[in-house]
Amino acid sequence: MISHLPVLQVIVPLMAAPICLIFKRAQLVWLFSLLVSGLTFLISILLLQQVMTSGVLSYELGGWQAPWGIEYRIDKLNAFLLLIISAISTIVLFAAQTSIEKEIDKNKHTLFYVLYLLSLTGMLGIVATGDAFNVFVFLEISSLSSYALIAMGKNKRALWASYQYLIMGTIGATFILIGVGLMYQMTGTLNMQDLSQRLPEVAQTRTVFTAFAFVIVGVCLKLALFPLHHWLPNAYAYAPSIVTAFFAATATKVAIYLLIRLTFSVFGLSFSFTTIPLQSLFMALGLIGIFIASISAIYQNNIKHLFAYSSIAQIGYMIVGFSISTVTGLTATLLHVFNHALMKCAIFLALAAVMYRLDDVQLNNFHGLGRQMPLTMAAIVVAGLSLIGMPLTVGFVSKWYLLSALLEQGWWPVAVLILLAAILTVVYLWRIIEVAYFKQPLVDNAAVKEAPILFLVPIWTLTIANIYFGIDTRLSVQVAQAAAQSLFGLTP
Amino acid sequence: MDIVINFSSGLCLFIGSFLCVSGGIGILRFPDFYTRMHAVGVTGTLGAAMILIGLMLHSTDLLVFAKLVMILLLTLLLSPTTSHVLAKAALHNGLMPKLSQNTLEQSSLDLKSKETASSKF
Amino acid sequence: MIDIVLLTLLLVVAIAIIRMKDLFAVIMLSGIYGLLSASFFVAMDAVDVAFTEAAVGAGISTLLMLVVITMTGRSENTTRHKPFPALLLVVITGGLLIYGTLDMPYFGSADAPVHSHVAPRYINDSMQEIGIPNIVTSILASYRAFDTFGELVVIFTAGVGVLALLSIVRRPIKGDKIAAVNDSMHEQHLVIRIVTKILLPFILLFALYVQFHGDFGPGGGFQAGVIFAAAIILYAMLFGLSTARIVINQAFIQLIAATGVLLYGCVGLVSLLNGGNFFDYNFLSNDAIAGQHLGILLIEWAVGCTVASVMIIIFFNFADYRERQLSNENQHNQESP
Amino acid sequence: MLIGLFNNWIVVILMMIGLYIVIAHGNLIKKIVGLTLFQTSVFIFYISMAKVVGGTAPILADDIIQYSNPLPHALILTAIVVGIATIALALSLVIRIKAAYGSIEEEEIQRQDNQIQADKKERKQA
Amino acid sequence: MLVAATLAIFVAMILAIIRGISGPTFYDRILAVNMFGTKTVLLISLLGFVMGRPEFLDIAIVYALINFISVIAVLRYSDTNQFKHTPGAEPCNRKSTEKEP
């Protein structure tokens, strides 16, 4: 059974979704999906160990060799992402039942869990597969289920946000399809490994250049990189808060994985960074994205909007790390993927708790929340500090590696800009902390109690993880370093 | 023997395609919806039947022949029904046929009376 | 030659769609666009794709858009906001694509890399390895079975998504009300109901023929599912939604959709437990070719069930929402005058 | 040169028409039709890539030697079904938006959104 | 002879498309779609014989069915009030204002 782990990783949640549809009772379905998500988390841990010990795993589906059949290639990068996604999904599922009690009406709870498991399957499928067209199919599974999940939000604007996300997402997916088609036309194969061997000889043709451009634009649309980010704030703000917590921590990370996989493994480092001035382009887009997103985060009233814009800023950091195109730069990006998942999931779960108690997350709802919901507010403060990058938190680790990668290349002005951006983060966090601790609670929400236990357990496990991985960085740094080195071809 | 079959299949194909083209011209040049309907309905069914018969004569193996018979039966059943439904819906929804001037007032009068009579369901 | 004519026709229809204001005409033209592209696929020897595009592109999507149009109104407002930045963006992407086509292998050239690397094995060895004449079905169901599994899950997700968005708790309708609806429908559509009564058994039989004929000629699970669903939709349109609900009850249809996906997965699991990789049919039975046949048959059956039930779910929810909206409007009209 | 690439250029023009409709037109249903045009033109691009002049449909028959490439056909079967799934979901969203906002024009919906935003700000100041 | 018939069918299809695009009332458009559907059935059968692959006839049968079902759907759903044909004010692109009854 051990040799079948790569495919079981995707099949377990996939088979669980229709089973959930057959059980009609929501309580049973919640426990079942929690169990399935835990099982997926276990499989991803075993996979990570297997990959760290015995290198790349290759699993041929249907027994056909690579370019003819579909092949699952799991290396350190895949295993790292699979671990993050399944861990986040298990933690978020703890708080799911209590949160959707208030936000989604009764007869739709089972459908919520089916769609949740399907989007989990879609993301795991994208990360695990080694076939270019299979990425498109599983991308569609995760996007379709995320459109439906976002549209289940209570607020009527969730429908409009989901529609805009659908249009942008489908255009992005079709761009990826065009890119894959052009690549197939020039090389005749769909397998990523085979593509990377056959692309260099046709690399100088204009068709491969266009294929690269289309695929990158398609992925950037899914990534919500600066100019193409308009769908993200509304989608995250009006979706049910559990859905926001799950997607904020995983959806954009999968797109970052795709970007890294395409530029490093499929097109090759030399091709990606020479044909298009990818380095300066992404560096510029990342920096502009950080500043504009942080500034617009400051003026937001809806706290979910605020942290959605801050997510776009954090993606800007990852893109800057990616554009340095050195081993430490890539390690910084992978570290930030891991750390950002922890930070953002903790914050949005805390917001889900506030939403559960106050039914709204406007700034004036936060008046005096520090006394009324002390534990939840404390979690937001700690996660906020790690967002800024204070020492002893995960944020500091990823900022440290990003700055060292930048200084290694001698681009100290960019490093200064990064520190400036951290100050902007302080500004919009201070707005929340000041309101929560130094203002009296408004009269109508005086009788607000602390969030229920099922919320506090996941929030505080994430906050402790925020601090623990800030201090003992062995797991995250070691895996990220090994993944970056394997991508650069200098396997240790 | 096969010269006769070839000749007759060619003849059927020629008639069928002539009918189709005339149906096409009819749909463009006729002034009003109902006259176009007439053109398409008649030539559509007969033209299709002739072409299919022409193909039947041309076909060699039995399975292909059976499929062509099935398509012929299907077209003969469906295309008149569709024309009927189309005309009924158009009339029911008030599309007035373009009649010569004097019959226009006369027919609109009795249509009104029919309208009030049939407005019960 | 034929494809150049068809492509220019497609271009004409596409430009007409831009200029049309009346949404109904746009849907009619998108139906023609689907039919034209399906006949283009036939001219390009893509037989299975023409089948699916005709059934899905020209049939079901026109149908669904029609049901939506009757709810949302026909006219599109005339102000075309921000045409120039859109035009600029479109021209840039178009230019990049045209720039990309300059180095492409010429249309139909046999020595293009596409025909020399992976495809020859499918064409030459698929008879020995899998033993069915239709290579597209053998690729779909055996070489790249996981792609089709992913696609089946996409259709299942769409069905669950539509259920999540539109499904409402059904109040049991009284028996006599259904009879009233039935009578008024009967009176309105007399001829059509008789013709459909003759036609329905044939369409369902034809769907089963397409389902099991997928190995030898064009056809397969998807096409059969769509044709089956089209027959049920025809029945529901002409005999009234409430009668159709009695004939096909919704909970059972959702159950079939779920079991279809599970059946597909179980075929993989069985081959996993017998020792092979996930979708390796050689381990399904002692002889490899028999295993392949059995695997492909089961998979096509699972795909047919799921696609048919999801299409029925989608149509019934759309029509149900429209029915409820019309009844609200009628009550509203009765109260207001 | 022209004949060889003519197919691709028409496909590119069709793609751009679809993209233009999606971006420039405000009506939600018009955007969906634009999306179908855009996706169908991508399918036509794949299939015209698979055609071999003188080759017939990829169904094995004993007297034929040259076949068209069957792999893009299998890929496009998947893509068509993905397209119809997206369209079905988009249409159900349009129905819900019509019920919630009362209109399916982008400007009208955007105006109502900004309206709600403005009311919330006034309530906050009050 | 087969190729001549195919060309004739093509001409008929082009004429149907012209009527489909320019048709003033929306019933003309349904008529055009219906005619276009039947002509495509014939085109596919002829192509099957021209190209020597008689498998195409299955597709022709599906075309006939799908065309029938979509025309019936159009007519079944066109009896709501907003399709009431008000003579004179056809809701086509020349006259942008359309009186909602």
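A, B, C, D and E label the chains in the order they appear, each numbered from 1.
The definition used in the following text is that a contact is a pair of C-beta atoms (placed from the backbone, for glycine too) under 8 Å apart; a residue touches a chain by one contact, two chains touch by 3 or more.
Owing to the predicted nature of the structure, the values given are computational and were not obtained by experimental measurement.
Touching chain D and chain E together: C.
Looking at B-C and C-E, the interface holding more C-beta pairs in contact is that of C-E. Seen from the C-alpha centroid of chain B, the farthest chain centroid is that of A. Of all chains shown, the one whose average CA position lies nearest the global CA mean is D.
Chain centres here are Cα means. That of chain C falls 20 Å from that of chain E. One inter-chain figure worth recording: chain A and chain C are separated by 32 Å, centre to centre, where each centre is the mean of the chain's CA atoms. Each chain gets one centre point, the mean of its Cα atoms, and the points for chain B and chain E are 12 Å apart. With centres set at the average Cα position, the gap from chain A to chain D is 26 Å. Each of residues 45, 47, 69, 73, 97, 101-102, 104, 112, 114-115, 118-119, 122, 144, 147, 150-151, 154, 157-158, 161, 165, 188-189, 192, 199, 217-218 in chain C touches at least two other chains.
Among all residues of chain A, those that touch two or more other chains are 133, 137, 140, 144, 147-148, 151, 178, 184-185, 190. Counting only residues that touch two or more partner chains, chain E has 13-14, 30, 32, 51, 53, 55, 58, 61, 65, 67-68, 72, 79, 83. Chain pairs recorded as touching, per the definition above, are A-C, A-D, B-C, B-E, C-D, C-E, D-E.
Of all the residues in chain B, the ones that touch chain C in their complex are 77-78, 81, 84-85, 88, 121. Touching chain B in their complex are the following residues of chain E: 1-2, 4-5, 8-9, 11-16, 18-19, 25, 27-28, 30-32, 34-35, 38-39, 41-42, 45-46, 49, 54, 57-58, 60-61, 64-65, 67-68, 71-72, 75, 78-79, 83-87.
Interface residues of chain D facing chain C in the complex, by the touch rule stated above, are 3-21, 23-27, 29-30, 32-33, 36-37, 40, 43-44, 47-61, 66-78, 80-89, 91-96, 98-99, 104-107.
For chain E in complex with chain D, the residues that touch the partner chain are 51-53, 55. Residue ranges on chain C touching chain E, taken from their complex, read 2, 5, 9, 12-13, 16, 19-22, 24-25, 28-29, 31-32, 35, 38-39, 42-43, 45, 47, 50-51, 54-55, 58-59, 62-63, 66-67, 69-70, 73-75, 78, 188-189, 192, 196, 199, 203, 206, 210, 213, 217-219, 223, 227, 230, 233-234, 237-238, 326.
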